[in-house]
Amino acid sequence: MINPKNNSTNLESIPLVSCAKSFDEAVESAEMHGNDMMEKMERLFPICRSLTGAGIRETFNIIGETVPLRRHKIATGEKVYDWTVPKEWNIKDAYIKNSKGEKIVDFNKTNLHVVGYSTPIRTKLSLADLRPHLHTLPNVPEAVPYITSYYKERWGFCLSQNQLDSLEEDTYEVVIKSTLEDGFLELCDARIGPEDSPEIVVATYCCHPSIANNELSGPVLTTKLYEILSGINDLRFSYRFLFMPETIGPIAYMSMFGEELKSQVHAGYVVSCVGDDGPYTYKKSRRGNSAADISALHMLRHLPTENSEILIHDFFPDAGGDERQYNSPGFNLPIGSLLRSNAGTYREYHTSLDNLDFVSARGMAGSLSAYLRIFQTLEMNRKLLNIKPNGEPQLGKYGLYPGPGVHPRFEDEMRYILYLLCYADGENDLMEIADKVERPIWALTGAIGKLADAKLMELAD
Amino acid sequence: MINPKNNSTNLESIPLVSCAKSFDEAVESAEMHGNDMMEKMERLFPICRSLTGAGIRETFNIIGETVPLRRHKIATGEKVYDWTVPKEWNIKDAYIKNSKGEKIVDFNKTNLHVVGYSTPIRTKLSLADLRPHLHTLPNVPEAVPYITSYYKERWGFCLSQNQLDSLEEDTYEVVIKSTLEDGFLELCDARIGPEDSPEIVVATYCCHPSIANNELSGPVLTTKLYEILSGINDLRFSYRFLFMPETIGPIAYMSMFGEELKSQVHAGYVVSCVGDDGPYTYKKSRRGNSAADISALHMLRHLPTENSEILIHDFFPDAGGDERQYNSPGFNLPIGSLLRSNAGTYREYHTSLDNLDFVSARGMAGSLSAYLRIFQTLEMNRKLLNIKPNGEPQLGKYGLYPGPGVHPRFEDEMRYILYLLCYADGENDLMEIADKVERPIWALTGAIGKLADAKLMELAD
Amino acid sequence: MINPKNNSTNLESIPLVSCAKSFDEAVESAEMHGNDMMEKMERLFPICRSLTGAGIRETFNIIGETVPLRRHKIATGEKVYDWTVPKEWNIKDAYIKNSKGEKIVDFNKTNLHVVGYSTPIRTKLSLADLRPHLHTLPNVPEAVPYITSYYKERWGFCLSQNQLDSLEEDTYEVVIKSTLEDGFLELCDARIGPEDSPEIVVATYCCHPSIANNELSGPVLTTKLYEILSGINDLRFSYRFLFMPETIGPIAYMSMFGEELKSQVHAGYVVSCVGDDGPYTYKKSRRGNSAADISALHMLRHLPTENSEILIHDFFPDAGGDERQYNSPGFNLPIGSLLRSNAGTYREYHTSLDNLDFVSARGMAGSLSAYLRIFQTLEMNRKLLNIKPNGEPQLGKYGLYPGPGVHPRFEDEMRYILYLLCYADGENDLMEIADKVERPIWALTGAIGKLADAKLMELAD
């Protein structure tokens, strides 16, 4: 016992440990943020968002109360790669009245009733002439579907198949009080963390009108992640938060910042469909083994067992959200997506049924916790170096060896200490070591702290 | 809608598409070649072939009616690597008569009755003295086996075990009217396709007497492949067809053209045992992952489901045909073999039961179709480049985007278009992209054509 | 038949074959060494060994009767990496007497009764005061556990839980006649085989008192391996045998010879727990795919089927023996361990139940045979070159081709010949070729000899 130690260790002796502890605390309190996120969603839900216009602008204003957004504007008609920024769309009212003067379809009941980007119209039509402008979802006959037509000018209404079936021959008055005028596409970003550090991208899209899981859960969770990550100690990555309309948003953003992203992004995720209680679903980045992917998969392997069903998908370009743009071959960014019920796979998707009842505080808090664990994994996944690598150190000297016994029953932390000493050779990273012990990387924090305190271990990267 | 397109696309805008379409047509009409191939086999069946002599020469003459063969001759006694070209063997008649003058074994009934390369004999023998010269196959007692003795001079007869068991003590007259004289070994080849292109080898052997599946099905299918491939548009590979006796044939051929083959062969196949209805069997080249192997396996993964049983073998040197020579370590050519019932594994193999009843027009046509799909796979497996790789292109501009809907139900071709845009980065080849969509490479032809027409895609190799 | 051969082949034409044959003979006679090893274990069993002192010294003397040991001494107080050589411990007697004068715990019954490295003591204590010095194993209540305290000075006794439970309130006389004085740590090695050759390490530890499987079986088997390997013909590796106390032994040895080991060791094994009849267990080296690992796994794949249960473990640093030191990241030597019942996993481990009844001549002989096959695998695993690689050689010329037949029924050796000719290209090693034929490497000896005699094959490394 050359250098006895008491039990109190200074776990903050290296920033890795300080950061890891800070994440542990955030995860422990994740559940209490569920209701808060639900309230934010209730506030945002009624707004009629689209690619452009007052609805998405107001949404950015509300997010901006929490996140200091940088707001980038691109004018109608500007070219962004293969695309052209469309006109700005605004809408005041829309309805279909029957000959009795009853509003049988009313934008004020749900903004899903109007096809997004509908041109203005005021006319009277027979049911036969109206019908090509009415969209339904026959497989989900009670739902109003969500339809848009951004790049082809048309007008239309969405209603349930049940309602369509009940319409009688009549002369209908059709009114859409919308405008399509030159204006701006808006894209927002925000950053935290050390300057000049590699970046983690947290991207979400905000252009859907009253739909809860896909997509409001995304911007609301991303806002909460901004709030929490701002309070984490000793981050080594910087975090770039992206709020923008889908598809043309990231394309326009990459036309401005694409080279920066290519050189700086270490990992990233598209946050959407994170509010329901479905199984966790991970869609890999196109690279398939990026830091984003291995970190998310590591986290998922160590989710509490109640979430036993986990879905892992290789990248696919024929469905999904903005990961399709970030992963296009010209950028090929290491950006995946962690979701709950996957876009396009659940019955309520893109309909009036994906409403505030479909999401829950519990679902939101679970997703929050999962994303925090991913970021913790990314932050912790460094290379350590055993400073006394020739044979095992004499652990008793450092107070790190248990008392005598037939087969000293090593507590977990003792096992982690031995694994860390064995594999921390400057080559293996901490995730690889955690995988060898078959535990999450964040289980190693205590052992790392003790080894660092005993001057047996140091950072190697 | 900047650049609207009508639906008619010029699929021939790139040679890849033209070639692929041409193969599709050939495959569609494969079935109608079955009877034609059966007729050719019936004509060739009775000829008494061997390594050398009149039988194989006549066989080459018949093949030569369709394929413009280059015929190479090597004289008896010449050295080819470790081997020496044997004498030329010819036979006019052979029989065994009992003391009543009855021909109990008669070469004119089936040429399998005589051991190949039997020396001439005319003598009378007791049953006991005759017996060491009589060969049977006890496990298949009704069959006359096929036996040769090319490199050790002996004589003998083959008969069924049943017949042997019925022979009585007697004095037998034994006659073999054969000659073994200096002459020539003959090897034939033919080529189609562009000069100086990498080559696909289509090799078969032709030295077995009256045996249908192993081996006549091989030269007959190879002849048909020559005929069809000659009519395919825009081939980028050249094809070398090889017709020769087994074992010493390819060894002698490689002693003449081995260096040429080593530098030019991209892939190749030994065609044999392709006439029955057994499951498709693929024997890999010694390299194990050559272009020949991955193309054949790709094709087999996408065979119509009725052919669900598929056998895949790593290369083995202790059974099989001429792939043993092409894959010998001095050459190690990327040559595998696609067969139906594998040589040596079926009861009728190398006996009188492997006759014209054992093969069928349907079996031959199926194998023809399978080989055509392999060659199509090889021809199509190129690298493409998405010309607008930053984000997805605005497909609506090119008429490539379906109308509005909740979740636009992408038809197959739309999916292929998105996969091609995503993965055609000049690194992935088309087979890898097809594997990601889980479809055969030839399913992508239409999508490739449309993208090429829209100037969104070009060849990258 | 240009160059006919008779059947007698000179299998010793290459040293590889001579060495392989010599191993075959050793394996064939392995069983007869079982009793001999049991006798050696009986002689060594009663000795009270520890890290230092008379017991281990006497053990080295007995091993030294067979193995010409080089004995290295390191003085108390010397530093070896992070460790310091402890004092030398010797003990003459130890007991606990009750007030009736009865020895209720007596070192002379089993030396396990005293905690290893106990400080001297002579005192009288109440049961309450004695109790903290009494160690038992509650889960195995009839066993006396094995306990040491090398680096923290204390004294203690070990007894069964059953006995502890029967102790009555009393005044006990406690005597330990031990000494802890400056002295020496001793480490022993021995070598055979060609000078300057890469080395195989055969390491074992010898510091446990009366425990049979873990560990006496180790030094006894290692001694026998020395004896047998000394008689093997044409070894190409040299063998370094290590006998030393556990943990500090290899650490001290590596502080002296670590650089030599790093540059010379090709493979190695820690020999321990090899005397019982449990399933074979292989613990890989930290590298996971070292020559030690692939050779042991090859051997295990070809163990006779009665040993069907085989346990394979990736390296783990939190249990086991000296492989933990050899594989520490500063050395990372390619040293694994083949055991029977794995240390720490059987009920008798580190107790008085791991006695001479727990091991057997059969168990020892089985382990001997397994280790010999591993060394044979290492010795044989060379690269050969087919001298006539262009096509198959005409095997008939060399008397290597069987007579005529429908499908010449190749005996095993004929198959090996064809595989060797095909794959002996100077790239594949013999283990890879053996794996392709799905046979152990030592099955190829005859075929290699015949090919070498026919001048068709030569060594390529």
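Letters are used for the chains, namely A, B and C, taken in the order the chains are written, and counting of residues starts over at 1 for each.
Please note the rule applied: a contact is a pair of C-beta atoms (placed from the backbone, for glycine too) under 8 Å apart; a residue touches a chain by one contact, two chains touch by 3 or more.
Computed from a predicted model, the values in this text were never measured in an experiment.
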{"item": "Proportion of interface numbers common to chain A and chain C (over half same, under half different)", "value": "different"}
{"item": "Angle of the C-alpha superposing rotation, chain A to chain B, to the nearest 5 degrees", "value": "120"}
{"item": "Chain centre separation in whole Å, for chain C relative to chain A (CA means)", "value": "54"}
{"item": "In chain C, residues with contacts to at least two other chains", "value": "none"}
{"item": "Chain B - residues contacting chain C, complex", "value": "81-84, 115, 135, 137, 145-149, 151-152, 154, 156, 247, 250-251, 254-255, 258, 286, 314-315, 317-319, 324-325, 327-332, 344, 349-351"}
{"item": "Residue numbers on chain B that touch chain A, as the complex places them", "value": "1, 386, 388-394, 396-397, 404-407, 410, 414-415, 418-419, 421-425, 436"}
